[in-house]
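What follows is a group of structures, each given as C-alpha cells.
In what comes next, subunit A is part of two complexes: it sits with subunit B in the first one and with subunit C in the second one.
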Partner chain A sequence: MSSVITTTGLTKRYGRRTALSDCTLHVPAGHVVGLVGPNGAGKSTLLQLTCGLLTPTAGTIEVLGETPHTGSPRIGFVAQDTPVYGNLTIAEHLRFGAHLNPGWDQALAEGRIAELGLDPAQRAGKLSGGQRAQLALTLAIAKRPELLLLDEPVAALDPLARREFLQGLMAYAAEHGTSVVMSSHLVADLERVCDHLIVLVNSRVRVDGDVEELLGTHHRLTGPRRDPSTLGPGRHVVQASHTDVQSTLVVRSTAPVDDPTWASDRLDLEDLVLAYMTEAGAHGRDRVLEKR
Partner chain B sequence: MIWLTWRQFRIQAWVAVVFAAVVAAALAATGPALYDLYRSSGFADCTADCGEIARNFTAQATDALNTTLYVVGTGALLLLPGLVGIFWGAPMVAREVETGTHRLVWNQTVSRRRWLVVKLVTVGLATVVVAVTISAVVTWWTVPLDEAGPGRMYPAVFSARGVVPIGYAAVGFVAGVVIGMVVRRAIPAMAVTLLAVALVQAVVPFVVREHLVTPVSATAAFDPSKIEQLGIHPDNRIDVTQGPPVRGAWVLSNTMAGPDGKEYHGPSDPVKCGRAGGPQECEQWLAGQNLRQEVTYIPPDKFWALQWREFGLLAVIAVLLSVFSLWWIQRRVA
Partner chain C sequence: MIEFHLDARSGVAPYLQLIQQVRHALRLGLLKEGDRLPTVKDVVARVAINPNTVLKAYRELEYEGLVQPRPGLGTFVTRTLAGGDEAIAAHEPLRRELTGWLGRARAAGLDDEDVEALLISTFREFSEERAGRRG
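Take a look at the complex of A and B:
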C-alpha cells in the first residue's frame, strides 16, 4: 500500500521546546486518518510540517512522494480555528480560491455553499463557527487536493455542527477517494469517521495503526495482583494499575489471551487512546490527564 | 493573486487616491496665481541683490491660504513615508499572521514568495505613484517661496522636494512590511515602524546627506555689510558670523577665523563695541581686525545631483529590505 506521508526521525524544536520528537510514521493512502492527542501534544506541528508551513529541525518528511512545500496544488489544509478573511464575502473567498488554484472546481465549491444554505454575499466575519469551518473546508476541497489535512476542524463547533461538518467531510472523501488526516483532542470526534489512528502524546507518537486492528489487538485484563512482566513474550503492557489484591492491565497482543486467571475485555477506541495517554502521563514528562 | 491583493488593499488605495487628489488639486488651483505674483514682483527675473525684492514677494505671497498650502504640501511629503509604513507596510504580513489567515492563503496554489512579491510590487507601486504625484505638484508649487525663503537645500525642505520623497516612501513601506513580518503583531509593528521611519528621516539628512556630494570650502575676507549675527558678551567675548557667499546654500559650517587662523571670539574693544559705541563703530573696528570667514557649504546648483544620489541610496535600501523580506518569509514565518 502506498504512503501519503512518510516520516523518519522527524523532530521540530522551537528554541528549547520540543514540539515533535523523533516521529517515524507511514500513513497509508486512501484512508481517513485520525491524529489524536491532548492539547500541546504536537498535532498542529505535525500537520504544519506535512503541509510545508514549518520545516523540520531534524529528520525527514515526504508527502505524496516529495518534500512538502506550501503552495502545492496536491495538499489541502484547513488550519486550526479555520481562519477565513472576515471582511471578504463567501463569494469573494470562492473567487480568490479560483484565482489562486489552477485545479479549482467552482461547481463543487458553489454546490457545497448552496447545499449548506449559505448566502454567497455574506461576509465571512459574520458566519457562525460551524459555517466558517464549512467555508474553510470548501476552500480546501475545491482545489481538489490528493491529501486533505484538517487541524482540529471541529474543536469550536457545537455537537450538531460537528456532526454536519464530519458528515460533509466523509461524503466528500468517500466520493473522491481523497486521503484525509484530521486531528482532534477528542477521540469521540474521530471514532465515527476514522479508519486509521495516530496517538500523539507529549511530542511523541505512542501508537499508530488501522482502527480495526488496534481494537482487535488490545485487551483489558483483570485478575489477581501480579507483576506485569511475567505476562510472557509478544505481549506489550500499555498500562498497568494495581490495587492490593488486583491488577488491571491494558495489553497489546496479537494472540488472544487465554490464561484463565485473567478476565479479558475488549476496549473501545476511547479507552485505548486513554490508556496510551495515561501511560505517557505516568511516565512523568507531562500531566496529560490534568490537562484534559 | 493580484485580484486578492487589490481586494484587500482597495479601501487604503482609495483613501490615498483621494488624499493625493485633494493635495494636487489645491496646489494646482493656487499655483498659477503664485507664479503670476512671482513674475510681476520682479523676483523671477532678479539676478543680483534680490534680498529686498524677495522680502516684498514673500510678504505678498504668504497669505493664510498659501502658508497653509506650503505647510500641508511639505508636511504631506514628510509624513508620507511614516503613513505608508504604518498603514500599508506593517499590517501586510503581521495582520495575516495575527488572524491566522496566512495559513489559509499560503495553502492555496501559490508560493509564499510569489504571494509576497505580488503584494510588495502592487502596494509598492501604489506608494510610488502617490509619492510621485504629490512630490511633482509640491516641487513645482513651492519653487517661488523656497527661493525667497531659506531655500530648498535646507534639510527638512530638501526631504520634501524632488525625487527623494519617493525614496523615503518606498523605504517606509518596505520597512513596515519587514518589521511586521518580524514582529508578527500589527499594532506593535506599526509603533516600531513609526520609530524606524522617523530614525531614517533624521539620520539620512543630518548624518549621511553631506557625504553624498563634495561640499565647497571657501575663505573670504570679513565684510561688515554681510554680518549675519553679532553677539557681544559682558566679558568682551564676541561672536560674529557672516552670511554664506551663495544664496540658498546648505551651510555645513561657518566660522570666523582671527589673524592667528584660530576661531575668533575677541576680545572686543570695550570702547568701540561696548555700550558707548554704536553697532557701526563696532563693525568698523571688527573690519580692522584682519578676520576671515571660513565656510563649508553645498551650493544650490548641486540640488538635483544630491537629489538623485540620495534617491539612489534610498532605493538600494528599499531593494535590500525587499530581498530580506523574501528570504525571511520562506524561512521564518509560519
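Take a look at the complex of A and C:
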C-alpha cells in the first residue's frame, strides 16, 4: 500500500522540551486518519513537520514521496485557529488563494461558498466560528491538494457546526479521494469519520493502525484476580487494574481469548484510546501543558 | 430513495447499521428492484461518516446479491426481500394492531424495557413452538 507519510525515528525538540520523540509511522494513502491525544502530546508538532513548517531535530520524514517544504501545492493545511484575514471579504480570500496557488480550482471554491449560503462580499471578521472554519477548509481544498492536514478543525465549534464541517469534509474526501489527516483531543469527534488512527501521548506514538483492525484485536477481560504476565505469548496488556478479588485488563491480541475464567468484551474506540492514555499517565504522570 | 442515519451509542459497527437499514427497507418494500441507493458522496454528506464505511456496506450488500453497482450510474437494488403484494398489503393493518397493543401495554404501566422484553420472549416462544410443530 502506498504511504502518504513515512517517518523514521522522527524527533522534534524545542530547547530542553521534547515535543515529539522517536516517531516511526506509515500513513496509508486514501484514508481519513485521526490523530488523537491530550493537549501537548505532539499532534500539532507532527502536523507542522508534515507540511514543512518545522524541520526535524532528528530522524526523517517523507510526505508524498518527498521531503516536506512549505508552500507545496500538493499539501493543504488548516492550522489550529482556522486563520482568516478579518478585514478581507470572502471573495478577496478566494482571489488571494488563486494568486498563490497554481492549481487553484475557482469553481470548486465558489461552489462551496454558495452551498454554504455565504455572501462573497462578507468580511471574514464578521463570520461565525463555524463559517470561518468552513472558509479555511474551502481555501485548503480549492488548492486541490493530494494530502489535507487539519489541526483540531472542530475543537472550537458547536455541535451543529461541527457536524456540518465534517459533512462537507467527508463529501470532499469521497469525491476526490484525497488523503486526510486530522487531529483532535476528543475521540468522539473522529470516531465516525476516521478509518485509521494514531494515538499520541507524551510526545510518543502509543498505537496506530486501521480502526477496524484495532477494534477487532483489543479486548477487555474481567475475571478473578491474577498476574497479567500469565496470559501467554502474543497478548499485550495495554492496561491493568486490580481490586482484591478481581482483575480488569485491556489486552491486544490477534487470537481470540477463549480462557473460560475470563469474561471478554469488545471495546469501542473511545475506551481503546483512553486505555492507551491512562497507561501512559500511570507510567509517570508527566503530561506537559501546551505552549509551555 | 432512502436516507441513512447512524446511532453512535448502539455499539453496532457503522457499516453494519447501513446494511441493516437497506435490508430493513427491502423488507418493508420501501426499496424495490431497480431502485438506486444514494451515492457514497450523498451518504457521507448527510451522515458525516468515512466514505470507506459506505463502500464497505455496499460491497457487502453486493456480495449478498442484493445490489449491483453500475459504473457511472450508481448502485441499484437487484432483489427484493419483501414478500408478495399480499404480504406488503398486510403490513398496514398489522402495524395498526401493534400500535393499539403498544398503547394498551403503556396504559397498563409497562415501560420501554418491559415492552421489549415481553415482545422478544413472546416472539421466541412463538418461533420455537412453530419450529417444534414442523420438526
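Assume the second predicted complex is superposed on the first by the 285 of 292 C-alpha atoms of A that agree within 3 Å, B and C clash if a C-alpha of one lies under 4 Å from a C-alpha of the other, contacts with A are read in each partner's own complex, and residues count from 1 in each chain.
One rule holds in what follows: a residue touches a chain if its C-beta (ideal position, glycine included) is under 8 Å from a C-beta of that chain, and two chains touch if they have at least 3 such contacts.
A quick note: this is a predicted structure, and the numbers were derived from the prediction, not measured.
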Sticking to the clash and touch definitions up top, decide whether subunit B and subunit C on subunit A clash or fit.
fit
Taking the superposition as given, does A:Pro83 touch the first partner, subunit B, the second, subunit C, both, or neither?
first
Which touches a greater number of subunit A residues, subunit B or subunit C?
B
After superposition on the shared chain, which partner residues are touched by A:Gln167: those of subunit B (first), subunit C (second), both, or neither?
second
If we overlay the two complexes on their shared chain A, which of subunit B and subunit C does A:Gly97 touch? Say first, second, both or neither.
first
Could you look at A:Leu267 and tell me whether it touches subunit B, subunit C, both or neither (first, second, both, neither)?
neither
Once both structures are overlaid, what angle do subunit B and subunit C make about subunit A, taking C-alpha centres and a multiple of 10 degrees?
140
Is A:Asp195 in contact with subunit B, with subunit C, with both, or with neither (first, second, both, neither)?
second
Give one of first, second, both or neither to describe whether A:Ala142 is in contact with subunit B, with subunit C, with both, or with none.
neither
Given the touch rule stated above, what does A:His69 touch, subunit B (first), subunit C (second), both, or neither?
first
What is the minimum C-alpha distance, in Å, between subunit B and subunit C after the two complexes are superposed on chain A?
25
Please give the residue numbers of subunit B that touch subunit A in the complex, ascending.
1, 3-4, 7-8, 99-101, 103-112, 114, 331, 334
Subunit C partner, complex, touching residues on subunit A are 31-32, 163, 166-168, 170-171, 173-175, 191-195, 212, 215, 266, 268
Can you list the residues on subunit C that touch subunit A in the complex?
6, 8, 11, 13-14, 40-41, 44-54
Which part of subunit A faces subunit B closely enough to touch in the complex?
48, 51, 53-55, 69-73, 75-77, 79-81, 83-86, 88, 92, 95-97, 99-103, 136, 139-140, 143
